[in-house]
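You will see chain A twice below: alongside chain B first, and alongside chain C after that.
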Partner chain A sequence: MANHILSENLALDEEADRILKAQRRRQFISATLRYGVLTLVGLVMLYPLIWLIGASFKTNSEIFAGAGFIPNEATISGYVQGWQTSTPYTFGRFFWNTFLIVVPKMIGTVVSCTAVAYGFARFDFPGKKVLFASLIATLLLPNVVTRIPQYLLFRDLGWLDSFLPLWVPSAFAGDAFFVFMLVQFLRAIPRDMEEAARVDGANTWQVLLFIVVPLLTPALISVCLFQFMWTMNDFLGPLIYLSSVDKFPVSLALKLSIDTTEAFEWNRILAMSVLTIMPALIVFFVAQKYFIEGISAGGVKG
Partner chain B sequence: MARLQLRNLEKDYGGFKAVHGINLDVADGEFMVLVGPSGCAKSTTLRMIAGLERITGGEIRIGDNLVNDKAPGERGIAMVFQNYALYPHMKVRKNLSFGLRLKRRPAEEIEQATQDVSNILEIGDYLERLPKQLSGGQAQRVAVGRALIKKPQVFLFDEPLSNLDAKLRASMRVRITDLHKQLKADGLQSTVVYVTHDQTEAMTMGDRICVMKEGRIMQVADPVTLYNRPANAFVAGFIGSPEMNLIDAELSGSRLAIGTQTYDLSPEIMARLSPKTPKGVTLGVRPQHFAVVGPEAGNALTGRVSHVEFMGHEVYLYIHVEGQQIIAVVSASNYDRSKINGDLVRLSPQPEAAHLFDRQSGETISLAAIQ
Partner chain C sequence: MSGDNRFLGLFYLSPYIIGLLVFTALPFAASFYLSFTDYNLMSSPVFTGLDNYWKLFTGDRTFRKSLWVTLVYVFTTVPLKLAFALFIAVILNYKLKFINFFRTAFYVPSILGGSIAIAVMWRYLFADVGIVNMGLATLGFEPVNWFGDPTNALFTITLLRLWQFGSAMVIFLAALQSIDKSLYEAASIDGAGKFSTFWHITMPLITPVIFFNLIMQMVQAFQEFNGPYIITQGGPLKSTYLLPLYIYEEAFRRFDMGYASAIAWVLFVIIMVLTLIAFWSSRHWVYYAGDKRS
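Take a look at the complex of A and B:
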């Protein structure tokens, strides 16, 4: 009797074992398949970037020889010559110009957009609805529509061939998208903290500075990141307003190397392209955590 | 002197009138509780006192100063919010001292005040923590500390205990009451206006209680008066747990007609009635003031038990009398266990504890309540 039960149990155990193994096998296969597909699609999307980096180490003649990305004879001549450029300035100068455009623009954006968003999110004033609606309307307006009037305006102000046309609109909360983003973020933050600060004796600006800005930090980091990347990538703005080579940012400088030489030195262009995307990539990966926190509005708990 | 005076205080939200001309005096050192159901504008009133809500009519005086147009920070008030509203990016120490730092007080004074407050509230161990690292009770104490450190003329509490669990709420209740007594004993400013929707909190904490309904004050009195002599049916029903039974009746002479049953008012009740009594009245009897009597007893109401709740030391009987539900509370030791659902019982209100209200206006018509 006891033996009978024992053997029955044994049979059950074996059966369970078999089912478990089958399950594990199925899981393994499905995981392999899933990750295989993901890797493949990811690779397809990343390939141009990988190719760009590989090709920047190739010689000019090898670049068009095949679609592979590993260079036969790796060389950094593209970087060395590309850095020198065909102008009197090195690429370092163009990076510095980019820096001179990006940093004031970022600061101006953050300060002005925070103030405007705070106003829209927290105060009632006559005409608020109309003003906010027109702000949102400018979001929908294609940028090119305002290019010509803006150009004429800045020309009359005598600001052409200076960084001012690139800085000033942002310093007056010209980027409706950021204002909108911050307003949405602020709406998700309870007002109690601000009211507590007012009871503690803070005036409107102190509340903004000591309470709202710290609460907004994740969103402000996102604003900085967006503005950084968009400005780094902006080609049309500098192209329209800047005419002297010594003021060119990297986006224009890259085009410059295509313009001035008859036979394009593609490896130089690619090498400089790699350098150009590096700052944006590095900044993005460093600040990724805040970036995601910032654009998922409402993630702040009261 | 840190008395608070509200004169004809009004709040109009563009067509919707939330507060209808409130008059309220809170004496120096008094613990005044504003209580009422949600939507009675008690929080709005408090926020108007704080200056967080603009008033549309009337006057607010704190001490001897008219503060109608003063910023919250200049009114000499401190406020504890329902969800604590601690500054999440500042450590407890900075949270406490934020107000003093804004006023640019000397560093030694700030340090001393922080120490004093953290000793009183026993939060010294958390000074270097961020609010998110605190439990609900700890955060609540920090919020109280942030008010205390400012030495305000008037403390405002906006439902400060409603986010705590029942046990913690009871202990915080005692703590806040003790704190108030301590401040008073030390001769410090200790006027408190405390908003709650919980009548137990109101009854246990307040020196006086202001019962509000739909932006109007229904009665202001100390807890005992409020309980024993409610000025109207609303206060009678709101204060006390379980709530007072309010039974519709017709009065002719000294006889009350409740549906098909009649109940003769005792000479004690009749003596207390004002001379002009309307016909339609509401009889108010607290559940504790019913005697469950035998079927042979005269002058009692007959009803059918629909539900019985054992609460340990007492028993709640839900009884249907003429289509109206009445709750009677009887002591568990006296309770006759043979009375179960569906049984007929006879209820006799204690004459000295019965209230009569005008059914139309809800106002009391018992003279004793007016005195």
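Take a look at the complex of A and C:
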């Protein structure tokens, strides 16, 4: 920087000193402004969540009584009664159902997307260009246009009101975003180790399992985390495919509690809302590095 | 690798190829066909030519309203969200302390934002006696009727999605951080001011991610469902009745699969045309360093 050069050449010169001071003042003002904006935005971002958690411990009469988040008389009755629900099942059942959807979906996604990304990134074969183009097209294809025939397909297969429609498409590398992300990761990894292993007589399966997968692990963790979040948040899928209450995941169960109790029992709704976001929040704070890396890699390199 | 069977790659792709055919290509074609039929699940589809589309564009006032609301929603939400995400990313892209803390704080809403719980929270925040109106009251403003007034109701959904600017911001930030610092030093030596440095160096270099974010956010915004379904149920006066809600109700409440498919196809064509316009125009405004297009 010009100023930097100036101060080196004309050391201790008064002129330089003055400029330096002015620059420091400017930097101070600019930093204050930045922190001000960031803090304000941060507050707007986080206060609703803090309020939500606080309000879930309030009594019903207190929830709309003030904007503060600390309850006057904390109660866990919202949690106790909300957990019971107005159905024969507790929220425990709904969490278990969510688990039964999330786990096969995560495993299916990781296994299928790894194999497909490996195929795209490391092999040449007839039709590769067309297939890769189809991957990008799927990435941009709005689900809304395939949803109705998919429903009809699953109806004919007898899969309605089961968890299968919610995870089987993902086990066939149906989430193009993840394949794409893994291909980007793989392209950035040098092939030396894989080639050395091939020379030593390993077949492509062994290379995939013992060399590529370990190298890909951080990316695979990102895939798992995103799939976990999206599946926890998914509402439309279960809404369309599940009709018996005993199979509801938490997202549908929460909607059901709104429909049945919201008119008067606000703290139950808020308490169960807090519970349903807790798994996602905890996972995010434990593993946030993978989220940020995953989203940056998928976006920037694309 | 040389010496391998040239179809080996296809073997690894087989799950994708099967999935593509069964869960994407076939439904895609079927949905196109269904949009020209009358099909209510009771009997087999009856081909009715352009009847569905004719009805949509001439007789269906709900559709016209819904289409208009969808376009208003997308064209306000996407630009606001991108501008805000970029603004915050630029502020964060200095050597600030606590940068990780802020980045995390801004990203948390994106993790949770799609969930039903957050939509529920939004209803409480913007209720007549909710904390948003309490906040407005302390600042001396009149309380706002967020959900009762047609213009405000759609804006609460926009605000919910703006609140989740974090994922777009993280992508912008990563792009900003990857810009070669020597370019800024060169500009500074040449006497460029902050604004012109941003406009002539930063902006061109991040146009690829602006483009990426624009497409992704647009496709997503056109398919908004959870927000209006939970927060406003499409009301009041259908002012938040976005097309995905209309499609859902036609298909899975009234079981009018043919008509719902036609609406879905109109929505699809709109998204596709806008995406193609974006791709076509990108030649003129997206700058790829080294001119390598992947």
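What we mean here is this: the second predicted complex is superposed on the first by the 249 of 302 C-alpha atoms of A that agree within 3 Å, B and C clash if a C-alpha of one lies under 4 Å from a C-alpha of the other, contacts with A are read in each partner's own complex, and residues count from 1 in each chain.
The rule is simple: a contact is a pair of C-beta atoms (placed from the backbone, for glycine too) under 8 Å apart; a residue touches a chain by one contact, two chains touch by 3 or more.
Since the structure is predicted, the reported quantities are computational estimates derived from the model, not experimental observations.
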| item | value |
| --- | --- |
| First, second, both or neither for A:75, with chain B first and chain C second | neither |
| Contacts of A:162 with chain B and chain C, given as first, second, both or neither | neither |
| Partner chain in contact with A:59 - chain B first, chain C second, else both or neither | neither |
| Partner chain in contact with A:38 - chain B first, chain C second, else both or neither | second |
| Chain B versus chain C as contact partner of A:195, first or second or both or neither | both |
| First (chain B), second (chain C), both or neither touched by A:119 | second |
| First, second, both or neither for A:90, with chain B first and chain C second | neither |
| First, second, both or neither for A:46, with chain B first and chain C second | second |
| Broader residue contact with chain A after superposition on the shared chain, chain B or chain C | C |
| Residues of chain A contacting chain B in one complex and chain C in the other | 195, 198, 302 |
| Complex contacts: residues of chain B adjacent to chain A | 50-52, 71-74, 77-79, 81-83, 85-89, 98-99, 102-103, 146, 150 |
| Residues on chain A engaged by chain C in the complex (per definition of touch) | 1-2, 31, 34-35, 37-38, 41-42, 44-46, 48-49, 51-52, 55, 63-64, 66-67, 112, 115-116, 118-120, 122-128, 131, 134-135, 138, 140-153, 169, 171-174, 179, 195, 198, 204, 208, 229-230, 232-233, 235-236, 239-240, 251, 254-255, 258, 266, 269-270, 272-274, 276-277, 280-281, 284, 288, 291-292, 295-296, 299-300, 302 |
| Residues of chain C defined as touching chain A within the complex | 1, 4, 6-13, 15-20, 22-24, 26-28, 30-31, 34, 88, 91-92, 94, 96, 102-109, 111-112, 114-118, 120-121, 124-125, 127, 129-131, 134-135, 138, 163, 166-167, 170-171, 173-175, 178, 185, 188-189, 209, 212-213, 215, 219, 222-223, 225-226, 229-230, 243-244, 247-248, 251-252, 257, 260-261, 264-265, 267-268, 271, 275 |
| Residues on chain A engaged by chain B in the complex (per definition of touch) | 190, 192-193, 195-203, 206, 210-211, 214-215, 217, 302 |
